[in-house]
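After this come two complexes, each holding subunit A, first together with subunit B and then together with subunit C.
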Partner chain A sequence: MVNILINSTNRLLVSVTILVLSCPVGAYAAEQVVLGGGDKPWWYWPLILFIFCFGLGILAVMAGVGGGVLYVPLVSGFFPFHIDFVRGVGLMVALAGALAAGPGLLRRNLANLRLALPVALIASTFSIIGAMLGLYLSALNPDIIQVCLGATIVGIAALLIFSKNSEKPIVTNQDAISHALGLGGVYWDEGARENVEWKTHRTVLGFFMFILIGLVAGMFGLGAGWANVPVLNLMMGAPLKISVATSKFLLSITDTSAAWIYMNRGCVIPLIGVPSIVGLMLGSLLGVRLLAIAKPKMIRYFVIVVLLFAGLKAMDKGLGLGLLG
Partner chain B sequence: MKKDKLTILLVDDNEKFLNSMAQRAKLREYNVLTATNGEQALEMASKQTIHIAVVDQQMPGMEGLVVITKLKAIAPDIKTLLLTGHGDEKLKEATQALNSTYFDKEDISGFWDFLANLSLGEINILLVDDNPKFLKILADRIKLKGHEPLTALNGKEALEIMESNRIHLAIVDQQMPDIDGLVLITQLKKIDPAIKTMLLTGHGDEKLKEATQALNSSYFEKEDMGSFWGFFRKILKSLETTMAAAGMAEGGDHEDALKIKGSKKD
Partner chain C sequence: MTAQANLASRPSKEQVIYANILVIGVWIGLALLFVTYFIYLSGLMPSHVDMTLITQNWDKGVNEYLEITHSPHGWGWLALLGNGDFLNYIGLVFLALLTIVCYLVLIKGYVTKKDWIYAAIAFLEVAVLSIAASGLLGSGGH
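After this line comes the complex of A and B, so read on.
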């Protein structure tokens, strides 16, 4: 019985994988058609985007990679949309996921407000600057953004492969700033049946990193979970679950600031935004259900490889080399 | 629940005061007995059930505290109040040590309110539900209101408790493995026709409601699932949980994502 369940789950996952894989291919083929004449009805691209994002939502949850970070390179690489629109919607996608998750994470005492607020202040300030800079650069030449995005994505793929998060980092000395801001807390560890106290260190360095994270998040519309978690966890020494939840909550502040800039410039188009957000949300709802029955280690590696490929393709597209088709 | 079911015994050597108290107590629908001295009071207590005894301290022969002590020996459940016109702190302490309550005759204003609340405290509530978790929640809530409910996990247990205790109010679940709620209510009413009953159910329908009303019992649904907003809130809550789990999973923490998702079922 269990075997049948696992088998059918695996089959489902394989078909989702094929769907997502084939979708960009189909989209790419269609891209040529659009460039040639654009004889598709208005609902054609929203529908494809919806199906694509539904699969993406499932994969994002299963692979443990943020939806926003997958969305921008894949959609900008394989769909015939201008990079500004994709970045704007990418922020809205990440924002929607973060806003939906935020209340539940705060209620469960996983997202830490003391940790989130100073960091959010820094990151959201610089995400505004990043968004303005990004739009300025793409007004000069969209290829600049395309290449930078590609390089960043390749970097993220490498980060996802090599960084090993630590569940309970050991912090021996809480530094003065961390102490003054009260960056620390207690959570109940059900497994060990004990209260785990935690605090942060290397706070100044961590804050400095959030300047960069804010800039990158704003510039590429990537969300920033991929960077938030390693900085909070590995650099500042917050426990993994606190880092992950706080990072998700952080996005809802950081991305709001950046999304505002994109929205103000008319870069958020509902016809792209609505199917993307709805697709990703429904996909992640299904993804969580699947998570309970499947062990998704392979999917993570697969998604990272796809991400790497998308990054290389973005660079290729920006540089106009035409190596990857 | 009904005050006329409660028997109150007034003990005072001053007949004028005794009569006035007795009349006031009757107005408040208590079953009133009077005694002018301690011996008489003890004799009455040994013959019949007395719920509350109000005893004057200064009496010829046996003094109030002694009467209270002896009354408690006869009927340990009896609630006692000491009245006195010559009170002092020591007397008050002694009364409290006897787990009795103390009132000054000069300041009788709070006395009747206290008595009314005391009789409320005497309500015996029986909760019957086969779900131990729900039973505990309900019992805790009722305890917060200052009552000590008795609990039963099934109809058989409930009937056993009913045989040996005087129950004023029974709150009964409809869906139980041995006897269903309506049948249990009928049987409880046979044992004590005065009992008030309530039917709780998560699986209610109109017919059940009518049947409950025909038995002169009240009817409640456990969850207000009939209301659209209740349903809506439930969906929202489950969405919030799932999205929180998705948030954790996307951040790479699958273990906690599953914990959050799993906790939803509780």
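After this line comes the complex of A and C, so read on.
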């Protein structure tokens, strides 16, 4: 019975993989048709986008990355939308995913409000500046943003390859700011069947990093889970589970401020936005169910390869080299 | 889990309230997105921008797109709520406003507990998000 379940899950995963892999290719091929005169009906792209985002939602959950970090480079690289709209919707996608995940993480005390609130204030403030800077640069020349986005995505892929998380970092000396803010707590580790006490250190350095994270998140419309987790876990010493959950929750705040800037500028077109958000959220829900029986490590490697390709494609597009089609 | 361990790892009251508001808000937001998008696509209400015009111009920068489609920026969509396309903003804006609502509840909780540092942090966050939402920053498109 279990074998049948695993086999059918693996078949489903392969199908999803093929779907996601084939979608950019199909999208790119059709993009040429659109650019060359466009005989596609108006519903063609929203439908493709919905299916694509559904697959992306499954992959994102299983690879442990946010939807935005996959959505922005892939959609800007392979769909015919301007980078302004992709970034605006990318933030809404990341925001919706984080809002949906938030309640479960808060109730299980994995996402910690005391840790999240100060860093959210810093990141959300600077994500506004990042969003305004990003919109200014893309008004000057969208290729600047495309190249910088590509370089950032390649950097994120490298970070995913090389960063080694620490399950339960040892923090011997809690610094004064961490102590004053009460950055610590207790959570129940289901695997080890024990309560885990934790606290943080290097608070000033960690806060400074959230300035950079906010700027990058706002400028490129990326959710910043890929950066939040290493800073919270490796730099500030929060346990991995707390870091992952608090990071996901943080996105709901950081992305809100940047999303408002893009939305007020008119960068969220509902025809693109709604299928993206709904597709990714439904995909994430299925992804959470599949997570229990899938092999996340393989999916993670696959996503890293996709990210590398998407990053290089964005750089190629921005530089106008045409090496990747 | 022992009773003592259970107590230690229990989320704070504010966290639970925050989570409860989020869970209700997300489902309302999603329902709004579904309903308004259905109205939009089904043509039950007229669209301000023809869908073909959107697909012909979504490869242009936002300033050019707004100009061609005569679309507003900032909160200008409120005046166009009688159109199916701008009706979708109700769901999008609802989701984007959720965090501010949750934070307002947090402020009340922290003030009650006399946790002034966190009350101030939450208050500042509401201010930051409200300024971003107001359209005072960066809504000047053209």
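By definition in this document, the second predicted complex is superposed on the first by the 323 of 325 C-alpha atoms of A that agree within 3 Å, B and C clash if a C-alpha of one lies under 4 Å from a C-alpha of the other, contacts with A are read in each partner's own complex, and residues count from 1 in each chain.
We take it that contacts are C-beta pairs under 8 Å (C-beta built on N, C-alpha and C of every residue); 3 or more make two chains touch, one makes a residue touch a chain.
Just so it is clear, the model here is predicted, and its values are computed rather than measured.
For the composite obtained by superposing both complexes on subunit A, the positions of subunit B and subunit C are free of clash and fit together. When the shared chain is aligned, subunit C comes close enough to touch A:131, but subunit B does not. When the shared chain is aligned, subunit B comes close enough to touch A:225, but subunit C does not. Of the two partner chains placed by the overlay, neither subunit B nor subunit C lies in contact with A:211.
Between subunit B and subunit C, C touches the greater number of residues of subunit A.
When the two structures are aligned on the shared chain, A:235 is found in touch with neither subunit B nor subunit C. In the superposition on chain A, contact of A:100 is made with both subunit B and subunit C. In the superposition on chain A, A:284 makes contact with subunit B only, not with subunit C. By the touch criterion stated above, A:108 is placed in contact with subunit B and with subunit C alike.
In the superposition on chain A, A:272 makes contact with subunit C only, while subunit B stays out of contact range.
Minimum Cα-Cα distance between subunit B and subunit C in the superposed model: 6 Å. Overlap of the subunit B and subunit C interfaces on subunit A comprises residues 100, 102-104, 107-108, 281. Across the interface of their complex, subunit A is touched by residues 239-254, 256-262 of subunit B.
Residue ranges on subunit C touching subunit A, taken from their complex, read 1, 5-6, 8-12, 14-16, 18-20, 22-23, 25-26, 29-30, 33-34, 36-37, 40-41, 51-52, 54-56, 58-63, 65-66, 71-75, 85-86, 88-89, 91-93, 95-96, 98-100, 106, 117-118, 121-122, 124-125, 128-129, 131-133, 135, 137-139, 141.
Only residues 34-35, 38, 40, 42-43, 45, 80-82, 84-85, 88, 92, 95-96, 99-100, 102-104, 106-109, 111, 113-114, 117-118, 120-121, 124-125, 128, 131-132, 135, 138-139, 142, 180-181, 185-188, 194-195, 252-253, 256-261, 263-275, 277-278, 281 of subunit A touch subunit C when the two sit together in their complex. Taken together, the subunit A residues at the contact with subunit B in this complex read 60-62, 64-67, 97-98, 100-105, 107-108, 110, 165, 190, 225, 229, 240-241, 243-245, 247-248, 281, 284-285, 287-288, 291-292, 296.
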